[in-house]
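First the structure, then my questions, so here it is.
As written, the chains take the letters A, B and C, and residue 1 is the first residue of each chain.
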Amino acid sequence: MENYAVYVPRLVKKKEKFAPGHRACIGCGEALAIRLAFKALGNNVIVANATGCAEIFTSQLPYTSWQLPWIHTLFENTAAVASGIEAAYKAMGRKGKAVPPDTKVVAIAGDGGTSDIGLQALSGALERGHNFLYICFDNEAYQNTGNQRSSATPFGAATTTSPLGKKSIGQFSWKKNMPEIAAAHNIPYVATASPGYPFDLMDKVAKGVATPGPAYIHVYSPCPTGWRCPTDIVVKLSRLVVETGVFPLYEVENGRYKMSMELPQLRPVKDYLKLQGRFRHLSDDTIKMIQERVELDYRKLLEKAKDGSKRSKRKSSPGTAKVSA
Amino acid sequence: MAKSESEMTWRDLNIGCIVTEPGSARQYQSGTWRSQRPTYEFKKCIRCGLCSLFCPEGCIEQNKDGYFEANMYYCKGCGICARECWPRVIKMVEEEEK
Amino acid sequence: MTQRVGVEVSIAVADAVRMANPDVVAAYPITPQTHIVEHLAELVANGEMDAEYIPVESEHSAMSACLGAAAAGARTFTATASQGLALMNEVLYVASGMRLPIVMVVANRALSAPLSIWCDHSDLMSVRDTGWVQIIVENGQQAVDNTLCAFRIAEDRRVLLPVIVHLDGFNLTHVIEPIVFPEQADIDKFLPVSSYPLPLNPDKPVAMGSFAPPFIFTEAKWAQEVALKNSKGVVLECWSDFSKISGRGYSPVEKYKSDGAKVLLTTMGSIGETASVAIDRMRAAGKDVGLLKLRLWRPFPFDELRVAVKDADVLIVLDRDLSFGGPGGVLASEVKAALYSLERKPKVVGFVGGLGGRDITMDGFEDIVNKGMEIARKGSQHEYEIYGVRE
């Protein structure tokens, strides 16, 4: 028994930073992702949270699920609030006011609060280089208000504001690539993670919080309520989404791309789409279009990762003129 | 909270409605939400703990025998643990009417 | 007491902020507040002010960063005007609802459209209901004094509300005025080290900004209202203490030759200085007129106003703002509401003028007072009078 490589009580911290008794939907992927992510954080953390599912289900007066200092203000300003807290701690620390040193600010928001309404504040905070970790919990729509589309909603998904109808197949645009946008700000650390690979997620969060300067992690968070799928397949979906290449796991460290796992072959996206009610209406042609696009994007990512590994080889052997493919 | 919702006055609120008791949500019995509950065949359990890792509520803990069991006060019956348990220890059954 | 110097008011305000030793300044430039934030950046860059200066990417983020900083327990400052104030509007309600002691200077400027960078009070009125303590100043010295007082009022444990100091854009921000700065040692005693009772701190975790279902929302709002109403006592106390170190005192409704006057004019902002010279001229010519200048806008000084007008027959109110389709100027309608319950009250005549930087001259004030007296006598079919529009 003791020799099993996977032995959670040995590998994972027991303490929950995130108390049970929260009001997330049954089988909430975001609640799971937050719970896992926060196991990778120490105690010297202040959390700034955007309006959204996570904020609502953890903070109904007079209770709170949080066991860390936590602040929620508005929907679109998480990164700005996080900037303010970070600056305050910097100034107060310098002036000798009693604040714990090495306190890290972690900003969490949904896909709406990140790629839509919160994009400006995020871009500003990343550009200014504040020392904070930003985690986007992506459930691919404005789920807290009832599954309205966001720019993170994948192509073809049916939501209430991109519904299936005689003149519509659902979401008409492709998912906005937030990790790329974050990487374009030249920040030290960008990563994608999924609760289907919990140890990878926890490692990335630990890395992100330890990185000096801004770090961005994009976490896939299945929503059985909004995606119209059974509650028990949340973790299965979180694995499938990676194995089909729809949500590849990778890191960008100081501009260098690195894939988190080698997938010799991608599973067909149909395996992932057919499990969710929001994609049930898609025709074979549309699925083929999605398949092609997923493969194209995945190839592009692999190219970047190859460049990244080439660059690192070059760095480690400056005398070599020829670079191996 | 000592007072019920209908008894709380404006003076009972902290400044800015700040909540000073961390994790006070533990008082809330989310277990009333479930329509199915996990049942266990512990003789198959290998104590890997994957179920406790994947529980969105974080309510699965080791019992006195070291087997992982969900806390029914919080368990919402999502079934993720049953789905992920590879020795198939856990089976979801209908929650009975009380 | 330091020497009297001639300083551009914006620079003086920034210097006052430096004296208060803030921890975080998060600001976005907008005419006519730019010189304030520029000078603050200079002070930080030269090491003359030890603060984190966050050059945010919008006013909404400026106020949001202030929320985070104040919640962490830092002394926080920002400044803005018109469009920026409108952009951060939702955040202002959050700041007061969450009881965060942020200090903001607003350089009053007209709200678009059409675009105007010049002074009026439309932006001032747009934040009337946000729950902030609001002080309106008339000249550069008052701006410096009240910026310093604002920090003390905001951070007082009995208040813990954000404070706005309103000063007229261009008419004050861009003019050089004689200013006497208090001694730094006096200010260090006057402004205690900032501390927030329940800050964000890993040693003592708190949750801020929870959502309130209907069963508790009313109580939350009432708690906020009680705090704002009670803040008046702290404002008066602060002004009194400040007068001890500076020799300059302030009161919620400042009176200029108004005792016993039958006709009173009421103004807000720097236009009151011109009005006071006009009042002198009219009094010299034998008119029984006086001037009231509103210094404390929120919490509204009901008692002081009622006492100030008790002997007057006519109260002419000049607004530099217009609430479209309504009773005209907001100040006039608030004054009318404040006096409504009195048995004996003056006739209130509201004038709207000076919009978008339009000056009102001394002749103009005489005109307004005369017209006002006539309307009080004869009545009018209009809710208010618009002054100076070319028809």
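Simple rule for what comes next: a contact is a pair of C-beta atoms (placed from the backbone, for glycine too) under 8 Å apart; a residue touches a chain by one contact, two chains touch by 3 or more.
Note that the structure is a prediction, hence the values are computed from the model and not measured.
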{"item": "Remotest chain, chain C as reference, centres from CA atoms", "value": "B"}
{"item": "Pair exhibiting more inter-chain C-beta contacts, A-B or A-C", "value": "A-C"}
{"item": "Euclidean distance of C-alpha centroids - chain B vs chain C, Å", "value": "52"}
{"item": "Geometric centre distance via CA averages, chain B-chain A, whole Å", "value": "25"}
{"item": "Centroid distance [mean C-alpha coordinates] between chain C and chain A, Å", "value": "44"}
{"item": "Shared interface positions of chain C, touching two or more other chains", "value": "98, 205-210, 212, 216, 220"}
{"item": "For chain A, residues contacting two or more additional chains", "value": "59, 61-62, 64, 66-68"}
{"item": "Numbers and ranges of chain B residues touching at least 2 other chains", "value": "8, 17, 19, 22"}
{"item": "Chain A residues within the chain C interface of the complex", "value": "43-46, 48-49, 55-56, 59-62, 64, 66-74, 76-77, 79-92, 94-95, 97, 99-100, 103, 120-121, 123-124, 127-128"}
{"item": "Complex interface listing, chain C residues touching chain B", "value": "97-100, 160, 197-198, 205-210, 212, 215-216, 218-220, 222-223, 226"}
{"item": "Residues of chain B defined as touching chain C within the complex", "value": "5-6, 8-20, 22"}
{"item": "Touching residues (chain side chain C, partner chain A) in the complex", "value": "23-24, 26, 50-52, 54-58, 60-62, 64-74, 76, 90-91, 94, 98, 193, 200-213, 216, 220"}
{"item": "Residues of chain B touching chain A in the complex", "value": "1, 8, 17, 19, 21-30, 33-34, 46-50, 52-59, 62, 71, 74, 76-80, 82-84, 92"}
